[in-house]
Amino acid sequence: MFFASDNSGPVHPQVLQALTQANSGYAMGYGADAQMDALRDTVRTVFEAPEAAVFLVATGTAANALALATLSQPYQTVFCSDVAHIHEDECNAPEFYSGGAKLTLVPCGDKMSPQALCLAIEGEETRGVHGPQRGPVAISQVTERGSVYSLEELRALTAVAGEFDLPVHLDGARFANAMVALGCTPAEMSWKAGIDAVSFGGTKNGCMGVEAVIFFDPKHAWEFELRRKRGAHLFSKNRFLAAQMLAYLQDDLWLDNARKANANSAYLGEGLHQAGAEFLHKPQANMIFASLPRASHQRAFDAGASYHLWDGPLAGQGDEMVGARFVCDWSISTAQIDEFLALI
Amino acid sequence: MFFASDNSGPVHPQVLQALTQANSGYAMGYGADAQMDALRDTVRTVFEAPEAAVFLVATGTAANALALATLSQPYQTVFCSDVAHIHEDECNAPEFYSGGAKLTLVPCGDKMSPQALCLAIEGEETRGVHGPQRGPVAISQVTERGSVYSLEELRALTAVAGEFDLPVHLDGARFANAMVALGCTPAEMSWKAGIDAVSFGGTKNGCMGVEAVIFFDPKHAWEFELRRKRGAHLFSKNRFLAAQMLAYLQDDLWLDNARKANANSAYLGEGLHQAGAEFLHKPQANMIFASLPRASHQRAFDAGASYHLWDGPLAGQGDEMVGARFVCDWSISTAQIDEFLALI
Amino acid sequence: MFFASDNSGPVHPQVLQALTQANSGYAMGYGADAQMDALRDTVRTVFEAPEAAVFLVATGTAANALALATLSQPYQTVFCSDVAHIHEDECNAPEFYSGGAKLTLVPCGDKMSPQALCLAIEGEETRGVHGPQRGPVAISQVTERGSVYSLEELRALTAVAGEFDLPVHLDGARFANAMVALGCTPAEMSWKAGIDAVSFGGTKNGCMGVEAVIFFDPKHAWEFELRRKRGAHLFSKNRFLAAQMLAYLQDDLWLDNARKANANSAYLGEGLHQAGAEFLHKPQANMIFASLPRASHQRAFDAGASYHLWDGPLAGQGDEMVGARFVCDWSISTAQIDEFLALI
Amino acid sequence: MFFASDNSGPVHPQVLQALTQANSGYAMGYGADAQMDALRDTVRTVFEAPEAAVFLVATGTAANALALATLSQPYQTVFCSDVAHIHEDECNAPEFYSGGAKLTLVPCGDKMSPQALCLAIEGEETRGVHGPQRGPVAISQVTERGSVYSLEELRALTAVAGEFDLPVHLDGARFANAMVALGCTPAEMSWKAGIDAVSFGGTKNGCMGVEAVIFFDPKHAWEFELRRKRGAHLFSKNRFLAAQMLAYLQDDLWLDNARKANANSAYLGEGLHQAGAEFLHKPQANMIFASLPRASHQRAFDAGASYHLWDGPLAGQGDEMVGARFVCDWSISTAQIDEFLALI
């Protein structure tokens, strides 16, 4: 009954096996390995982007912070949702990597609307040299509240960015979950929708620790490489990052995992609905934000369930509804979900 | 015939096996896993340092830059060898992580002498607020030229730092190689010798990608954690870092690997000596800097040998001596070394 | 009819005269001058703070950014009003000087309430190492909308900061204007109200370009000096900063100027009121935010009046009310105000 | 007898008078003043550079650090003399403003030779992504040891930079002193010699606190403006910076002052020579580095002379030669020099 995060489950066996297979003989370090060459080709094919620059790092925060630093200047501001991971969960990594850029929060609580984004952008840079200059727009897909932008919604956001000539970054820590939810292609959900750079997640969907950063315009490649090295995110034994990502992209493992995770989440959501849970956001991928009576949480925790409450600790005695976040990964079993649902 | 680096060889099978074993069920992320608890205890026992703060990152540059940033201020200067890895091979990572501190290079070409270190320290901060203030002393053990400081030499350097009340960091990317060369304990080569913080390497000696950062005074712990997170070096699936390091420290695997690497290097060195090579530095661990006739290099490269020349590319036609670096890891076989020696 | 800013008026003749008097003979540079010694004593006396550390810089942004950097860490967040000068008008200087700290905006539009501040502080650091840590609270007095916190209000804010053990900075670019509005002493409006550091403005109230930074706990002194030098804000000919500030504090010039500015503003406000202006904020010092019919603005601008519209450019044809900011300094004459009032 | 620095003398009366004249009525802030427009035109005329971007700051460190930050990237290294002001006397300001770039010291002790510069540049960037990338070349004219590069020497240095396609910055804190020493035009000593950006000093030569930063290619203008604001170096009352610099450039005041300073230095140097002083560097502008017997220094200090010893404090009893730095500004009188010479 582990719904705490999609980073708490095991690595998929095929990914582990790929590490073992990669562990034969010698390989040049720092990305000059054959697996990296193969991975670059694979990503370009998957994204229908033969010119794309492709890099690997081990954490999602590194992918986001390095990509945004490459797309911005320290005297700019990055536009993002007020609950964006880059704002709430990266301990100022974007500010650090960008050299002190600001994050302008678009009020939304979940998905950004084009109107809210436009207002936020118009709100900056009316002050000439006094305020920060307009910088990249950062979108999370899946959002931090479990929503998925439709392709139309994505395109509407990037159109706003385009009006102001701003680059767009997509935090795709759960790229695969969003893609299978939309039933679209990687290209449709990225460059065809006006995205300039993607953090393409592997860690939350069956890998051990690997994220790709993809720039559709390769002019950013060398700067990114230098920023990655300077940020200490260039792996000497890069082949083991490449091997993970290769296995992840092979034979649709990434899509299979994402489908399982989303299906698990849908199954859990249906059960929560029947148990009278109130949904705080409409779940569209593999995360659910829902309220349950205090006593239900208590029973679940007592029985060993693991997930995050969203409204602070479970203190007090009353039986009001208490919000929580439930995340399903590819590995969670129906039996575990049933066990949990029986408790609440 | 792969002598390019000790990061180009395979991962030790026991480390790989540990990853597989760690891959069962769910675990809380970001270091709140049972493997990390066990690893912390193990490191404290191995170092006879029950209060030490122990953290894991995936790259040596991250370990160094984060440790130095924690020990310094942006208006200070770090004292290090003029061939230190932190100066030559980290693309300004120490400057980045410290927020713009300077590196003061102690002229040495290899090992720092206490006299040269003292002169360098005295040379700074005679200018009040105008120059940078004196910050940490950074020592590499094994050095970047394959030398090993004796315990006496280490203590003499930390004594100089102590006179100026400066903290001391040890870049131990090859900690195990140095330790078996000296035949001492981890404590003797670290806190008993006056070292405040250690980058304790695993990647170059059989791990996939893991380095421990150890502070003997735990007061630095929380700041380090925040700097690690802000630097995007906190792994969500930290258990796979901990598992590597646990396997590495179990049953003396780390020491066995280092002994093999050093023995391989000694065997190669003896062969090079007999082949008339000139040694640029006295090899004391698993790295050799030696000159060979141009033709010998050419034959070796033609036969597929891999290692770095130290004097630029192998252009020209003459047969003068050309310097090179040869690194042996635990996995290189006597047969490979013999094959190489036969060529030159 | 110059109401654009209190930095667009002339320097007070006594300040200019002090520059001339200071210009005799030689003086050691970088703050080791006799004027600086005298100024330090004067500030300590004025603030009843015999231990205070006192420094001079030439711009308000430098005072704010350096003070906040000294009180914070790069992995923290600074709490401030969502219209704070440090957020809106310093082009990321606080982020730059702090090494990448964040600003958490307290929703208020003008004065912060203790409740809103408390909520904002409670909202951070519920995420352990993932979010930024709580850092200093920054208060502007006079606020950016022309309001003045009462001493009770100030103490209520610093009490909230105190509950979380956070230091408090006061942006006193218009310190004198606030003080005369409250009729209190410098000590009452600073350390007696729980303020740890003050940016004490001179430039907007008759000086040429000088601001004092005052730390009531001198433990911050040396770090501030290093940060000031590193930020390139240490003047070689510091005596000319000290001379300005000395003249400013002598014979209550600072208070006289502030009284004049506030009185001018009150006179203008009364006139605006009678002319049917709508006040966006209750003016309490020397700034007025008020709406006038479009045609009134047009007449004023046509006649050469200078001030900032608050709702964008004066486009269109209608006669709706359009917001504007009017700032009075000590030098503006009643005749100028009358001339302006006659136009609208 | 004040030879401590050319920043310890008084401001020239014409500069002070210009401040008084500028102090009439209102002026838009932040550089939108008429004096700034006039100053920009004047600088462009003086430098025969009608397209140049011209900015004012108040300190030389600000001019240098902001100019270098604009010309560099944080993953680069700046090439400079090992006694450069930017290395020794700015408390890491270049590292701070550049976001963590490195300074590569060209061994010279005074003037850089083209050979030494070339070697230093070749020494970097042989390591691909591992080492810092090559960044700007920084030259001081007058050097920190009182030497002056001939135009030929300057051109030889910029030719080296040009081979590697690196921009060149000139630290001209004593630009006028060098120019009158060479008898050349401003253009000849800057863009015609291959210089891309100049810190054009006023403070050390009769101003109160003002330096111009000049980019001959205006493409850098907007970035510089943003970096200046973010660095808190944009003055609200900019007209008082512009007025100083205008007076400085009017009627050749800057050249007259420099000629006086250099002449004073030559007169002092002749006297020192006759007194048996040993010169550490050949004085070519307004600074002298020379050794005198300990007793001579003692007599001079006892009589109130002020200057910096170069070999540490005047301890001990012997009568060996002790090095010192003597700087003459425009204001020092022959009588003072005679008085000093009589003492030694």
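As written, the chain order gives the labels A, B, C and D, with residue 1 at the start of each chain.
We take it that a contact is a pair of C-beta atoms (placed from the backbone, for glycine too) under 8 Å apart; a residue touches a chain by one contact, two chains touch by 3 or more.
According to UniProt, the chain labels map to these proteins: A, B, C, D = Low specificity L-threonine aldolase.
Given the structure is predicted, the values throughout are model-derived calculations rather than measurements.
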Sort out for me whether C-D or A-D is joined by the greater number of C-beta contact pairs.
C-D
Which chain has its C-alpha centroid at the greatest distance from the C-alpha centroid of subunit B?
C
Chain centre separation in whole Å, for subunit D relative to subunit C (CA means):
33
Between subunit A and subunit C, the Cα-mean centres are separated in Å by 41
Need the CA-centroid distance for the pair subunit A / subunit D, whole Å please.
50
Where subunit C touches two or more other chains simultaneously, the residues are 74-75, 90-92, 96, 99-100, 129-130, 226, 229-230, 234
Can you list the subunit D residues touching subunit A in their complex?
30, 73-75, 99-100, 129-130, 133, 223, 225-227, 229-230, 234
Within the complex, subunit A is touched by subunit C residues 74-75, 77, 88-92, 95-96, 98-103, 105, 126-127, 129-132, 312
Residue positions on subunit C within touch of subunit D in the complex are 2, 4-5, 7-11, 16, 19-20, 23-29, 57-62, 65-66, 90-93, 96-97, 203-204, 208-209, 226, 229-237, 240, 306
